[in-house]
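Below, subunit A partners subunit B and then partners subunit C, in two separate complexes.
Right, the complex of A and B next:
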C-alpha cells in the first residue's frame, strides 16, 4: 500500500485522537505526578516508642522547665512543663527550637585546633587528651612565669555549678579575672550595693503588683525570665493592673500597656526624679522607709525639689508636666506599685543614676522587701564547697586588680564590669589567655571593632562553645561543650524572680558528637596541672560534683525537675524600713544624675541610632535557629537586607521613602540599610534590632542583616563604670 | 438515653484567641512548625512562599506618632464550616481532587497530601491566605531530619498544606480513649500545639458545641469577633479584642464605612 500525504495525515491524526481518548495520557500524567512526589530524599520519620524527659532550658537566663518528647532515641519536640514555677507549661520560640540547635549544622563536632589564620575557619581535629594537655601546658607556663593574673574568663553567667567551677579554677590558679557578660544585672547589683550596702540581684514580685511603671523594659519581649513575664502580663490584663511604659519607641510592651509615654531617649532618669519630686512635694511617701531624717535622704530631697520640678523635667524629657503630676499621684497612691528599668531585654547596662532614680521610686512607695514589691535576692545558696589551699602564686594573683577594674578604688561598688574589658585590653592591660564559656563576646559586646582589636592582642583564646559562633570561629582552640539536651546541669533562674527556682537540665539524648561537658573539662585541666590547683577539685568528675553540691536535694531535682525551697535556691534578704539610703554615701549627685554625653558632632550626626530587642531575634550567646529566623517580619529583614525603623517625618526630612536604601553612619562605622517607616517611633530616631549580622553560624543566619554592635560604642558612667550608652549619634544618607 | 445521644452530638472544634493577651512573641508559630514538620528555606523573608500554617500578623491603627497602636493577630486555618455548617468551606467546595474535606464529626477541614496534585485552586479560594504551596522539596540540613515527628507526614514538592488543628493529636487522644473504653475526650486531652505553647495563655481551644468547654462561653464575649464574617464563611476561630479598631480591622471595613 502506498502511503500518500492524505493517508499519512489521517493515520497521524487518527492515532493521536485514539491515544488522547485512551486512558494512557491521563495515567501517565497521574503517574508522573505521583512519581515526582515520591522522591527518595523526602524523609519518612521512623516510628518508635514515645517517651517524655523532663529537663530545663538553658538558652537564656529565664530557667524554664521543659518536657522533651522522644520517639525511640530521637528527640522530636520540646514543650513546657505544666506546673513548673517559672513557665507553667508555656514556652518561647527559642526554647521550642532547641532541637534545631542539638541536631543542627552549627555544632562543633570534636575538639578543634586552629591551623590557618584566626577566623579563616581552618581547623585540625585533635583528641581530648591532646586538647587538655595543650591548654594545661599553656596555663602552667603562665603560672610558672608569675603571670597567672593575665588569664581571664568571660562567662555568659556566674550562677550555677559550671560557672562556679570556672571561677574556682581562676581563683586557685591565681587570677581575679572571672567576668560575666554585661547586662542590667550589673547595674542592679551596683545600685543595691550603693543603697543597701550589699551586692544582690533584684527580684520583682510582679504577679502581685497593682501598678507597673516600666522605664523602657521590654516586659513582654524577653526582659527577666521571658515566659514568666508574659504570664504576669496576662494576669495583669485579667486583674486590671495598670501598666505604664516609658520609652521613645512603640515596642510590643508599649503597645500592650495601658499608657505609653514617649520620652526623649536617655532621659528616663529625669522623669523618675520628676515623679519623685511630686511624691515628696505632696508628701505621698513612706517616711520610715527612706529614713526621712537621715542626711542621705535630705540631700536627695533638696536636690530634686530644687532641680527636678515637673516644669524643668518637661524640658528634659519632653513629657508634659500634667502627665508627670498625674502619673506620680497614680504611682504613689497605688498599694503595691513597682518601678522597673533595664532597656529592652536588659542585655545592656544602664547608668547608676537611672537605677537609683527608679529604685528611689520603689523606696518612696515603701515597696521594697514586701509582697508585690522589689526584693534583694542573694546568689544561689547551695554552692558551698570546702575552702581550698591557695599557694603564694594564687594568693598574690587574686589580689591584683581586675582587668575590668571592678572592685578597685574607682569602681568599688562593682563585681564585674565586662563592658570595660575591650577598652582595658586595648590600652595595654595584659591578657595572655582567655577562656570563653557559654557566651559570644566578639559578637555581643558593643563596639565590635574595639572588641576585635582587643581579641587580636590576646595570644591564646580557648572557646568552650558547642556551636561555631562568632567567637569560637576566632579562637585558637575549641573544647566543645555538650548541648544542654545532652548534659546534666543545675539551672538557677534568678532573672528578676522574687522567688528563685533551681531546675535540673538532664540529658535527653546521648551526646551526638565527640563533645565533653565543660564542667568535666575544667576539672580535667585542673587535675592535669597538678597540686595545688588540682587539690581544689576533689571530685572525680562533674557528675560527682553536681550530686555532692545538690546533696539531699538531688533526689527532688531528679524527680520533680526543680526546687524552689528558699533554703536551697537563694536567700531573699529582708530589707527593713530605714535600711534604704538613696544616696548611698555618693558625695556628688551631679555626676550621678546627668544626661549621657554621646560622642560625635551633632551637626554631622543629627539623628540617634537606638538598638532594640525583639522576641523573635535571639541576641545572646545563642543565635536564631532556622525556625525563629523564619518568624522575623519582612519589615525587619528582607533577603539579606536589614530594615531600620524611622518616623515618616524623619524620612521626609532626609529624602527617604519606604523600602529605599540608605547609608547609616555613626562615629563607629557605617552600614547599608533599608528603610521601614513606622509611626510608632519618635522623629529623629533610627531603630535597629539586636541579634542580626552574624558572621558565623549556618546559612540560615550568617550574613543576614547588620550587627548593631558594629555601629554603637560604650559611654562610661563616671559614677560607676557601667556602660551608660543607650544609642549613638547617627546620620542616614540616601544611597 | 437522651443524654447519651447528646454525647454523640457532632463536635465543632474551635479556638478563641484573646488579642489583648497576645504579645506577638511568635511561640505559637514555632510550636506549630516544630509539631508539624514544617520545612524551612535559607531565605524566608519572601512571606508569600514562606510556609507558616499559623502566621502572626501585625496590625497598626494607621495613626501618626504618638497615637500609633499595634496589635498582633495569630491566624491559623479558620476551619470554615460555611453557611449552616454544612461543610461548604471556600476551599472544600473547589477542590477537584477531594484532597481537602470537611469533617462533620469534628468540624475540621482536612488536607490529604497524597491526593493533592497542586492545582492551587483552594489557595485562590481561601479568603484568609491560610494555605501554602510547596514550590520546592523540603530539605533539612544534614542530621536535622532526626527531630522529625512520625505523627505528621513530611510533605513533598507540588502540594498544598495548611493547619490541621493538630488533627494527629485528636487521633492519638481518641485511640487512647477508646483503649480505655471511653467514647469522649476530656477538654485537656486534645489541645493544639500552639495552644499548649502560648506563654500568654491567649489561645483557648475546645469544642464550641460543648457547654463544658471554655471556648463555649468565651466565644460569646461582647468583644468577640471573627475574620471577614460578612463572607459567611462561618469560621471556627474567634478573636477577642477590647479595641474597636482591631475589631473593625477584622472585617476589613473600609475607612469611611459605618457600623
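Right, the complex of A and C next:
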C-alpha cells in the first residue's frame, strides 16, 4: 500500500475534470465579465422619474439657456434649451460638465475663516452669523474712520442684479471702487464712448453678415457667446459666407476660415488702417453713412491716405500689399461685411487704436446699426431701483477717484480698468478691504507676481467664491455662494449679441452645502450695518429683490426661461445717421495708432511669448472641470508639463527639438516648458495656452501646466489706459 | 536486472535464468501496478466527485447570499383588489417611462393607515409610510446599467405579457428569498435558479441570450454579423 505522487496528480486531474463538468468555471467567467464591466464603485445615476428644470448657464458671459435632467433630486445631465435665442439646444463642453462643479470636490462647504498664513489652506468653519458680523464690523470700522473709499470690489461681471446689488452697496457705503474683470468688453465700451459719446456694449449681427473679417477673434474657440458662434460659423459655411482670419498663429478658427492672413502680432490696427486706405482711395466706402460724421472722417482720411498706404502697412504688418489691396476690395464690395476684434476668446483687452481702426472699417462699410452689422447695445434696462439716500460719508466717498483711475481726467472714457488695479495698489493706492465676487483675479489678471504683491498689501480679503479657487485660497474669509445650479439669478447675455436676451437661472437642486446666495449675503451685510446703508436695501432677501426687479416679466422668465423683449432687456441704440465719429474725437492720432512697445532687452529676449485660448480650456473664474481637462490634447498638456508652440525655424535657431524641455524666460518670470513644433505659428513667437497652471481647485486641475499670466505683464495704452499687451518679450533656453 | 532479489528467485527456481529474469521483471511491474493503479483511480474519483459537489452544490451556496425583503409583500392579495392588473401599481409614467417598483407615494394612497391585521402591513405603515422612508426593495429583475430596456416598447408596442419575463409573480402570496450574487451584486434570477442555466419557462432566466432568443424570433433574422445576434446597439446604447 503506497500513496505516491501519481495519486495526487490523479486527484488533481479528477478535480479538474469534475470542475470542468460543473457550472463553476462558466458561471464565474460570466460573473467576472459582468463585474468588470460594472465596477461596483463606478457611480451610476439612480433610476427613477425624470424631470427637467429650465435654467441658465453662468459659466461664461455667453448666456445660454440650459435644461437640466434630474432623476429624483439628483441632477444627471445638462442640455441646451431648444428654441432659446442664444444657443437653441446647443451646449459647449464646459456647460455640459457643469454638474462636476456642483457635485465635485472643489466646493467650499461652509463659511470659512483663515487660521494659518494666507494661502496655507488652514481654515476654521464659522457660522453665517459670525461671518456676516465679522465682515460688517470691519466695514463699519472703515466707514467710521472715513476710509469708506478704501473698500473695493472685483466682480466677474457688472450685469445683472447680483453685481448691481454689490455696486449699490459700494455706492451707498461710500466707495467708487466697483470693478469688473478686464475683457475686450472694456475696449468696446471705450471705443463706443469715444466714437458715439456714450458707454455701450457692441452687438454683432453675425448671422446675417456676408463677409466676416476677424482680427484674431477665436470665432469657434469661445469668442463671444461660444455656442452661438459655432452655429453662426456653420451657417456661414452653408451660405458660402467668406471668413478671413487675421492672426499670427494658425488657430482652429484660422484653419477653418476661407483665408488665413498671418500678421505681425500687435499690428492688426495697421492692417485695418491699410484696408481703410484702399477703401477710401478707391472710394469704395458708404458715403451716406460716413459723411454724417464728416469732421472726424476728414481727419481720419487725411491721416490714412498720408501714412497707411499698402506699401507702408506691408512693412509694419508683414502682409503683402497685394493681399491688402484685394482684401480691402473684397470687404468693401460685399453687401454686409463685418469686421470684429478681440483676441482669442476676448478675455484680454485690446488697445483703443485697434478697436477704432477695426470699427472704422465697419463705419466705412456703413454697417453700424444696420442688419448684418455692428450695434451699440445699452446695459440691461430692467434694473431700475429707487434712488437711495446717501449720507455725507457716501457722497464724499463716491466722489473720490477710483483706484483703477477709470472715469478720471486721464481715463475719462473708461468705466472700469481693473487691469490697472494691481499697479495702483502696489504704488500706494490704499485698499483696506476687498470683495471678490464670481472672479479669480489672483489667477486671471496678468502679471501674477504684481497681483500677489497687491493682495499682500490688502489687510482683509472677502471671497464669495463657491469653489476653493486661487483667490479664495488667498483670502481671509470665504462666504461661499450657491453654484448656479442651486440659485435664482438673472443672466443677461452680454457677449456680443445684437439682440440682448435675459435668461433666468433657477435652482435645479437644493443647496448641497451650507452656502448662501451672494445676493442674500450682501443684503444681510447691509442690514447689519444699519442706516443709511441698510435703507438702500429695502428687500427682505434676494428673491424678493429679483422678483420685484423682474416685475411683470417674472412669470415669463419662469415659464420660458428667458425674455428677449427689448423693452425689458436692453435698448439697441440707433446710431445711424450722424452719431458716429470715425476719428473718435481723439486729438492725437500718434498715441492712438502705435505699435505696443515691450519691456525688456531685445538681445536677452529675442522671442515673443503670446497667450492663446483653447475651446478645451476654461480660463476665466471657472477652471476646467475633470471632464474638460481630459479633452486637452497631448500637444498642449502632457502629464503635468505644458507644451509651448514654436515654429521649427525657431526651434532650430535655439537648438530645440520636439518634446524637449526648455526654460521659458520673460522679464516677468521663467518656467519649465516642453516644446511642440508647429508650422502654423510665425517664427520668433512662442504660444502658450491660457487657463492652465492653477494652484488651487482639485487634483484634476491644480499643478497642471503653467499659468501664462505669471509670465506676461501689462502695457498701458496711452490713449485709454487699457492693457494693450498682446504678449511679452521672451527667450527659450534648452534645459 | 543482473542481480534479482530473493523474492523473484523463489518464484522461478526451476526456470531458465534468462526467462526467470524476464518473467520476474514482468511480475514486479504487474503486482505493484494493481495496488497503485487502484489508488490512482480512487484519487481520480475522489477529486472528480468532490469537485462536482463543489461545483454543483457548494459553489452556488457560496456565490449567493440570502437576503429577505424588508416587507413580505403579498402580490396575490393586491392583484385581487386592483382593477388594472400589474399596471395598477407598476405604472407607466406620463412620459411613457416605466416606474418599476411603486414608491410610498403610490402605496400610501391606500396604506396611509393600517388597513388589516397583517403584521407586515403594520410594519410597512409604521416603519416606512409614517417615517416617510422609501422601502429598500430588493429587485429580482434588476439589470446592469449598460443595458437599455424599455418596458413601453415591450409591453405597450409588442403587447407582451408581464409573465413572459417575470413569471407568475402576481400569484405569489409571499416574496421569495433574494439571492444576491456576491461578485456582481445582481439577483440570482438573472442567471436563473438552475445553476447549469437550464431553462424550462421563458421567465426562468433574464440573460442577454434570453433577450436575443425572442428578438431573433420577432425579427426573423440574426442582424449582427459580429455576434450572430440582433444588433448590439438595440440594448447597449
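Convention: the second predicted complex is superposed on the first by the 689 of 735 C-alpha atoms of A that agree within 3 Å, B and C clash if a C-alpha of one lies under 4 Å from a C-alpha of the other, contacts with A are read in each partner's own complex, and residues count from 1 in each chain.
Methods note: a residue touches a chain if its C-beta (ideal position, glycine included) is under 8 Å from a C-beta of that chain, and two chains touch if they have at least 3 such contacts.
The shown structure was predicted, so the numbers you read here are calculated from the model rather than taken from an experiment.
Contact with neither subunit B nor subunit C is seen for A:409 once the two complexes are overlaid on the shared chain. When both complexes are overlaid on chain A, the residue A:250 reaches subunit B alone and has no touch with subunit C.
Considering which of subunit B and subunit C touches more of subunit A, the answer is B. Legend: residue contacts after superposition of the two complexes on their common chain; A:387 is shown touching neither subunit B nor subunit C. When the shared chain is aligned, subunit B comes close enough to touch A:92, but subunit C does not. Once chain A of one complex is fitted onto chain A of the other, the partner contacts of A:103 are limited to subunit B, with no touch recorded for subunit C. Contacts of A:44 after superposition on the shared chain: both subunit B and subunit C are touched. Looking at the shared chain after the overlay, A:11 reaches subunit C, while subunit B stays out of its contact range. Overlap of the subunit B and subunit C contact sets on subunit A: residues 37-38, 44, 47. Within the complex formed with subunit A, the residues of subunit B that make contact are 20-21, 23-27, 29-31, 33-35, 37, 40, 42-47, 50, 52, 56, 58, 60, 62-66, 68-72, 114, 117-118, 137-150, 154, 156-159, 193, 196-202. Remark: subunit A residues 33, 36-39, 41-48, 69, 71, 74-80, 87, 89-93, 96-97, 99-100, 102-105, 220-221, 226-227, 230-231, 233-234, 237, 250, 252, 255-256, 260, 262, 512, 615-616, 626-635, 637-639, 647-649, 678-683, 698-700 touch subunit B in the complex.
On the side of subunit A, the complex with subunit C involves touching residues 1-4, 6-8, 10-19, 21-24, 26-28, 30-32, 34-35, 37-38, 40, 44, 47, 49-50.
Interface residues of subunit C facing subunit A in the complex, by the touch rule stated above, are 35-36, 39-52, 54-56, 59-60, 63, 93, 95, 97, 99-100, 144-146, 181, 183-186, 191, 195-197.
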